[in-house]
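Next come two complexes, and both contain subunit A; in the first it sits with subunit B, in the second with subunit C.
The block that comes next holds the complex of A and B.
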């Protein structure tokens, strides 16, 4: 091994291997993250995250106040209240629950409260369905939350702990969501490496730190919290004279998160020996690839294995997994896809009347390049339909033909994978 | 012409006249409940300080100020979206002298639940700088009877130590006087207008305080700012009980009720005198107890006024006083009488 090999602070032998599914891994990560308040509601479809967390509370393993609210809307509302009062707040949801929460998601980010939300991505009704796709995640696309997509259970655990650090970074102070694919990750057992409690506590710097804000009345910097010593008003009315100016710092903060996500990814690497690309994007054999598949979530695992096979056969193909969907890492993606001939975007949701949401993001990223690759959108896996390696092979075979042809006609730019009829 | 002079409020030199409430960490002092007007003026400042943009004649700020005179110490206030919220927090100003948060319309109770849970968690881990921090919610009738009811009921069921004060102006006044679950029968609103066929709202007011009694929480009461000592006592009791408390305060709205600004308090007095809005409190131990003027009326029924006295000063009921609508007026009187009789049967301190 080269001398550049980094020795993590907690090498594998110092970590604890546990057999957990995605839900349990997230609950375990939250347990280690010194969360003060968990508010949750089991809307259909429900997740095991909060069940597992309730067990920790019932057994006295955590100091957390568990608030079993009466709706997902109240779950996020209670998290807003708790975070404004200075607590580290966490909740989890899925599909219809996320839809009900949306109103308060905007308020949480507008008030700059670093809440962490685990989203088990599932299809939206109707027809009602409890299986995975990303249509619920796109509901919160413009809500001002940092959105991180995990590929496997290990990453779900790692990302949940990282999410607290990213959200609470003094220059970010924005709510963060961790997305895992329903059933594919949430209910699939995996052997994962977990850190000892004290390592996580140290990584996060202990309990939540309250940021300071400058307030003219006090003539000093005061804690941004509901504090009887220095009373502040949260959630004021701001009209056309101030609303615009109050939204801009939010944009600056989420752009700042691009650096912070990278930095936290590196810190995690130094601690555990694990990292996910540069934290924002996770490329696989992209450098010299003619064809690059862009995907998010668990589907990337399947695609990677197929890409590997095609590489062995000599096809110059790569995979680019987007880990941070918001903020969207434009420059990283542009640099990676600059010399690609064909980019295929895999969308696990439809945007009726439009291409898929990820496709639009990739298209807007590549638009400014002098020579643009051919771009095609594949919609797959709606309502939990499996993405099999065969399907990916079929797609790649078609892409090879497209590349030979040199263009994709307009009516073929939106394609569907694995749909009958 | 009468020259009105503003009374001088004792102000320490060098201090701004309207200061925020500052409780330095570790502050243990509890405010006593004082009723002497001079003492109140000299020793206490309301949590809602001047400069807010509520209408002249609005009773909501009076409810808030009286309630805040009864706060015992460090307090966090939560507001639902509504008149009170939009007119007291216009950025870059605020009228709140205490830590205050507004989240959305329907979730004041859920937000308060989260704050209370956070306080508990901070206390458990030794990070709370006070012995106790009280949480008080002020929400209007729309945010309580209708869209916010689920969150309120959930908060009551879970037993959070929060005092929820409903200031009930009987319609969605903030958005332009639309009917709510708290609007009384036959009242005019912009969504229950008086037409050639329909005489205003067709349904009675939802008995919200009785619904909260049915949750069997530690304390429920009704109050008006016209009976101010009664209101202050009830607020203090609501804060002191260990668990959720609910106070239903009637709050007149000159814009929506169509009355003169100067008679807001008089109308609320009449609401109690006509037994349209009886004053009572309820605890699981004592059951219903009449208080203040309503107890006096129960002891001396001749003091009970006909409902006309309450209606005649309000434009929203003008149509009821027309001769052809006599029957409707009688219907309303019968309803008020039935509710009052029912309350007399339940109240343990009413004369038998």
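The block that comes next holds the complex of A and C.
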């Protein structure tokens, strides 16, 4: 039986190959996304994004208003103001910068402003460290942002453009962050395929569309935008009388994003021939696997390359890469892991006094299954510690023993990979 | 960073037979990362998937640094450092020592900037003739002649051309893309000279 092969609207020959590092790829994607305002403050390893974008501005290649702010708190505040005035706004940060931004992250999501933020994941101080882990990402996990993790430079480019479409979807209208691993992606050059400007413009439907809101008892609908001709208030006081009710639509919107992320992933596939699993999760050889490793970010690629080797030797092992960390795709993950015997969650940050954050998410997903897999948490790669293929194979060899034993004692449910002593 | 993963666990699987992995040794300021990027660019023009990155750490002028290139027929999935290179390139001969060989695959290739005799190279590396393939390029000498400076990164690209990883035309195209015209022209001349003088010992 012959299967219909999809011919993308822009097959590879119509795309442009570029040699870019992860930061440059994100800056270039933002440039093509017709961004109106960029307000940013440089911090390693995000710096190249801001440098590149200000170069585009200085060269007159973009119409963007670039605001060189004095801190990340101001960067996000300026983006909130810009987005409330109807602009497509973009910024980028890392680690301590993100920590300083957190107060305004909650305001951006609470005000339903579809800002896009590139987070180049870096460890939080102390001790001070400029290298990658996911402690900064975990810091913002309850801020109400949609959080997407890219595995490589190509996906960093693709996801940045998709993020605008997801964020600005009429039923979503939520800020969205695109996460790449500091240095492992931000400073690593890879050759990627980019779309022509007009293709991105068309994909996003041109400039940002302003949604309508109903503002009074007579059902009047006005643009949800700061406009002196038809004034609206943003960020009003809502106490126990209304705060609760105003939070519920935010939850509905972020859950709606589950469908929208999938849909945008498919649209991107039709446009470029590239897609990442179903957009939410990117499984590899999970269906019949006895052991499944769950991971996010650049480490997933390294893990997959080792998993392939073990598959060749006949071990039934798979990888489940979580691409959408928020909203968390519970039902997709539950369906994929239902028949797995052993699930290994890899957290690139610690949760002091608790298991890693991703482990908790996976555990809560699997709890309701009648027969639950054995579950173990591996913390790895803190502060930029490399995840080598040897480390992955050392872990897998241990997992094979765990599977034979059939359980993991409570004191071993949190393990550390690649730490001395 | 940790080249040797010894404390983490024994090496149990060889993972990347499909890839060519190159490790570049130089000193801060000598352009080792640029060489790695140029090699990646050159291979990308030949339809390969590439990856190039430095050993991440503080950059200090004159301190030994490493950079890594991966070249593959398939998309490069792995995002760790290179632990078992197929090829080691040494831009600065004062870095020649047995530690340069760390993790180098059996039958691997060493490409080094060197003007003296091959016996001296073997003894600095602590190897015998025939243990590895060794390519010598008098890069410092040629760079002084052509560029009037000691920057050897482009000259050393001749080494990976010599052993057939990339074509000379691709390297020339990469150099033309990366540098302004007058600088590119001189460097292309340098690579051609280096290719003529490169010899396997």
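Here, the second predicted complex is superposed on the first by the 411 of 421 C-alpha atoms of A that agree within 3 Å, B and C clash if a C-alpha of one lies under 4 Å from a C-alpha of the other, contacts with A are read in each partner's own complex, and residues count from 1 in each chain.
In the analysis below, a residue touches a chain if its C-beta (ideal position, glycine included) is under 8 Å from a C-beta of that chain, and two chains touch if they have at least 3 such contacts.
Predicted, not measured: the structure shown is a model, and the values here were computed from it.
Undergrad: For A:152, decide between first (touching subunit B), second (touching subunit C), both and neither.
TA: In the superposition, A:152 contacts subunit C only.
Undergrad: Where does A:137 make contact in the superposed view: on subunit B (first), on subunit C (second), on both, or on neither?
TA: After superposing on A, A:137 lies clear of both subunit B and subunit C.
Undergrad: Per the contact definition in the header, classify A:107: touching subunit B only (first), subunit C only (second), both, or neither.
TA: first
Undergrad: Check the residue A:68 against both partner chains and state whether it touches subunit B (first), subunit C (second), both, or neither.
TA: first
Undergrad: Is subunit A touched at more residues by subunit B or by subunit C?
TA: Of subunit B and subunit C, B contacts more residues of subunit A.
Undergrad: Touching subunit B in one complex and subunit C in the other: list those residues of subunit A.
TA: In subunit A, nothing is touched by subunit B and also by subunit C.
Undergrad: Within their complex, state which residues of subunit A touch subunit B.
TA: 36-37, 39, 63-65, 67-71, 73-75, 77-87, 89, 103-104, 107, 207, 217, 226-239, 242, 246
Undergrad: State the interface residues of subunit C toward subunit A in the complex, per the touch definition above.
TA: 1-2, 5, 7-13, 15-16, 37, 40-41, 44, 48-54, 56, 75-81, 83
Undergrad: For the complex, give me every residue of subunit B touching subunit A.
TA: By the definition above, subunit B touches subunit A via 20-25, 27, 73-76, 78, 85-86, 89-92, 94, 96-104, 106-107, 109-115, 117-122, 124-125, 127, 129-130, 133, 150-151, 153-154, 157-158.
Undergrad: Give every residue of subunit A touching subunit C within the complex, in rising order.
TA: 17, 19, 21, 131, 152, 154, 181, 183-185, 187-191, 298-299, 301-302, 304-306, 309-310, 384, 386-391, 393-394, 397, 417-418, 420
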